[in-house]
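By written order: A, B, C and D. Residues from 1 in each chain.
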């Protein structure tokens, strides 16, 4: 399988303090890669460097072999890379449907057609499908700000899939979501992964969630890659246990 | 959303009705609306003008008004903004006025004197900019010297009185100062007097150190200062501080009692020309000044006198022609001379020429220990 | 629900249009002049509402653009150019300058942006006042002609009012279309959460510049209509005061509400009239009113209306104000 | 040369005032995200408190000064915070900006309507004598202004750095949440900054009014330049505000004398724009980490 995402020796330091110290890995088409690690192990920084929110100090990031290091987030997204954020990031004053249409519109047509063309950029059907898929039909016309936390979390994820991305980076999708909805979310992700052939990278604290969702797992500690492999292998790996529970 | 539109609709209607209702006049009164700068940069002049008008109107109404009709005067604020002044004058005209009083800023006057002309309503303005009376508008009347009239006087004084060969020019870069500056420069050129340095200052400027330094380094025979009251005072203080020796010459404002009060000792020695001011040693004007202070407890400037005399002039001419006839009023006033004997409220003998410009005696004065002292009385230009 | 709302909306809209068209026949020239002024100021405020209310970029430069527009129109038409051309040039010029002024907005936010734009306004004022060769300086430009539109002379107050009203109509339709188009959606995304917007492929840089340019262009259009309305312009009306005033209009009406500027401009233009009886005190009262409004309902008059008529929608911060909290 | 000294001293005096006003401005911003567009009017008003106390209260000048200070602390400090800032702060920055703009209008119109529309003379605090240094005539007043302003700001610096309260205030400014957890009475600290600001503007007011005269519109330019000084110097730095203030004061005079009087007002603005674009943290300011 070819690598959708390649990270080579990525380093990022804030004023001398190294947050990510030379991380390299590959993500293959169709896999669900989990990245775990204790707090401050550099997961989010790694994410933000890959996604152009932060400038890496050194190293390289490639999508389909094409270097994208330091590319603007919006251009990256147009290449089919989308993400969710650790903290909720929906548009509270827009309705659920509007949120979804927004998530897709910049992938449709030109600036001109987005001004003069159809108001929904032809995305209403797609948005409705997404709404049904994530069971948000009851609140489709509510302002996103008025949704429950869990619902907003779903919307957040749904937006990430709206443009039919090839690679989705999910930053703690399970954070603060109740168990039933969690199972639900896991199912949705699996389905999309299977159906759309979308590739996922998931940062997560919730071990159970990661183990049950991911096909392969990387373990980060103090900005370095200390282990990787299948969920079961990682679970048993002493270095991982040490990293988490110290000694 | 509909409610929003609803709200808007209602308020538009409300306002429409209101505007329609506005400016209805009772029969046995004469409507003399006053449109003047009550806020913004012109507020000080405008307030003086308004109170001068108020004083005159109340006096006349106490004596039974004009031809037995009570004078009704509404004061509206141009916010020192030509756009608003046009609105307010339009409103005044909608009320079918006998005359219009104000405004003072020549920018505003230029906007709306056209409207008054179209409506054939005489307008008595406090503006001093030269070009206002050049347009051949038969309905515009000044209430004080235009700059084209006062600047030659000060220019002659600088040439003959001060005997200066060169002069430093300090002016405030606004509607009032720029016009004065241009006229003054022209008169200087005409008399072959060199303007060695030409300094524009900001209205509201507080720190004049740099300007005075420039004046000093220009070492001219005299300094002509043409700024508003408080800027004049600040400049005088700084000039005194840096020890400028050459005579400081002013036109009316610089010798104004307000400036003297603000500048303190620094004002002593200032000389210049005084067109109209509450400080000239004319019994009638001093009497007016006392009345004014008694009523409004602050000391009037020349704008107060402008407003006051304008109302009295209108009264006099109207009773002279014996009816309320705007055209006739305008016609009669052109070339008319009103003396205090005919109309005490005119304070000083005043002549309006065919352009609506004014002619009066004026004064050369000097500030001696905190008081304005008249050194010479200049005759009317006409004579 | 939507159909019923749309219907009543349409009816209300028609009612308002009817009022606006009928108004001048019941009014004296003064009232007509005020309504024309209202129409012009509304256009300027709509521009600011686009930049501030929708795209969340605070700007104190709107007065400068009204000024640039007014002077462009005044200079060209007094030189004998046809109004239509001068009008388009004003808009184009302001669009271009607004685009450039947008660049600081890419670098700085909140009060920093406020002060950059504020500085810009003051600079433009100084140029208008000092560059006499171009603008006739403090003397101002008088005798600005009112246009003939396809043989229809708009010289008379009522005719010119209808001209302004027509322009307001066009601008309203255009802006209405814009804010409901994907562009408008992108603007709001920009306002509420630029980072997230970028991660969804929204080119925040481009949309920010567009928002500034369009808002400024509307300012220019307002100016180009203002000059022939007053038929005289000098630099004083285009100083910082107007920028603040326009800002107040947008906020008082309801920032981020499409019809906010209409209401805000109405209040600001007619208030002196309504408060005539208070003699000199109306500015005091206006100021007090604004402070009270900000304390109790920062979403402006339309925010209050929403609160009254749709209790369901508990009005919290108006859209434009909420923006900053998520911004980087 | 003498001209230069002349200009420098005058510029420094004006700049010292800007600094006083700018410092208060930055304090408010740091502790309560208040951008006070009425700061200029805040400098204009205390002088009128004093004048009113003399005119209506018949108080002697020293007494009037005291009353003026108290009034300033109450009105511009406590009331400003309680009535204007507190109800609005939760709405974010913009509504507060708007209402301080309205407040500025309110104060100006209030003074104009209820005291006087024209400039008022203000008694000098000390003899208005001049001294001559290398040929340049320097007003004692200017030196006093510079001295007092610097002293006041130095005292403030010391207070913030050395006293317990001062450090608590800084903690509040940097991280209110943490400060609260640490048991600092954040509300009170914020109130203190408002009182300090009121004190500073009152001081500035009595320092300049004898020279600049008291007028309702005096705040317009002053407030603006103070903002610019604060931003140019560094918004998150007291010493930045000082540097900015002095720099602008001197620059203004030099430009007026040697470049252009017509555009003297433009120079601070260019400086402002340049700083904001190329060094947003200000000349002396610390860069603030801005990331996701």
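Quick note on the criterion: contacts are C-beta pairs under 8 Å (C-beta built on N, C-alpha and C of every residue); 3 or more make two chains touch, one makes a residue touch a chain.
This one's a predicted model, so the numbers in the text were calculated from it and none came from an experiment.
S.K.: C-D versus A-C: which has more C-beta pairs touching?
M.R.: The greater number of contacts lies at C-D.
S.K.: Which chain has its C-alpha centre farthest away from the C-alpha centre of chain C?
M.R.: In terms of C-alpha centroids, the chain at the greatest distance from chain C is A.
S.K.: How many angstrom between the C-alpha centroids of chain C and chain A?
M.R.: 41
S.K.: Averaging over Cα atoms per chain, report the distance between chain C and chain D in Å.
M.R.: About 32 Å, centre to centre.
S.K.: Averaging over Cα atoms per chain, report the distance between chain B and chain D in Å.
M.R.: Taking the average C-alpha coordinate of chain B and of chain D, the gap between them is 36 Å.
S.K.: Could you tell me the distance, in whole angstrom, between the mean C-alpha positions of chain A and chain B?
M.R.: 73
S.K.: Of all the residues in chain B, which ones touch at least 2 other chains?
M.R.: If we look for residues of chain B contacting two or more partner chains, we find 39, 41, 173.
S.K.: Could you list the positions in chain D whose residues touch two or more of the other chains?
M.R.: Touching at least two other chains: 109, 262, 265, 291-292.
S.K.: Residues touching two or more other chains, restricted to chain A: which are they?
M.R.: Touching at least two other chains: 53, 85.
S.K.: Which part of chain B faces chain D closely enough to touch in the complex?
M.R.: Per the stated touch rule, the residues are 39, 41, 43-44, 47, 173, 199-202, 204, 206-207, 209-211, 213-214, 216-217, 229-230, 233-234, 237, 241-243, 258, 261-262, 264, 298.
S.K.: Can you name the residues of chain C that touch chain B in the complex?
M.R.: Result: residues 5, 8-9, 11-13, 15-16, 19-20, 23, 26-31, 33-35, 37, 129-130, 137-140, 142, 226, 229-234, 236-237, 241, 254, 257-259, 262-263, 266, 270, 272-274, 276, 279-280, 283, 301-302, 305-306, 308-309 of chain C touch chain B.
S.K.: In the complex formed with chain D, which residues of chain C make contact?
M.R.: The touching residues are 58, 104, 107-108, 110-112, 114-116, 118-120, 122-123, 126, 130, 195, 244, 247-248, 251, 255, 280-281, 283-284, 286-288, 290-291, 294-296, 298, 317, 320-322, 324-325, 328.
S.K.: So in the complex, which bits of chain B are touching chain C?
M.R.: 1-9, 11-13, 15-16, 18-20, 22-23, 38-41, 75-77, 79-84, 86-87, 90-91, 93-94, 107, 110-111, 114, 131, 173-175, 178-179
S.K.: Can you name the residues of chain D that touch chain B in the complex?
M.R.: 3, 6-7, 10-11, 14, 109, 112, 116-119, 121, 130, 137, 139, 208, 211-213, 215, 217-218, 220-222, 252-257, 261-262, 264-265
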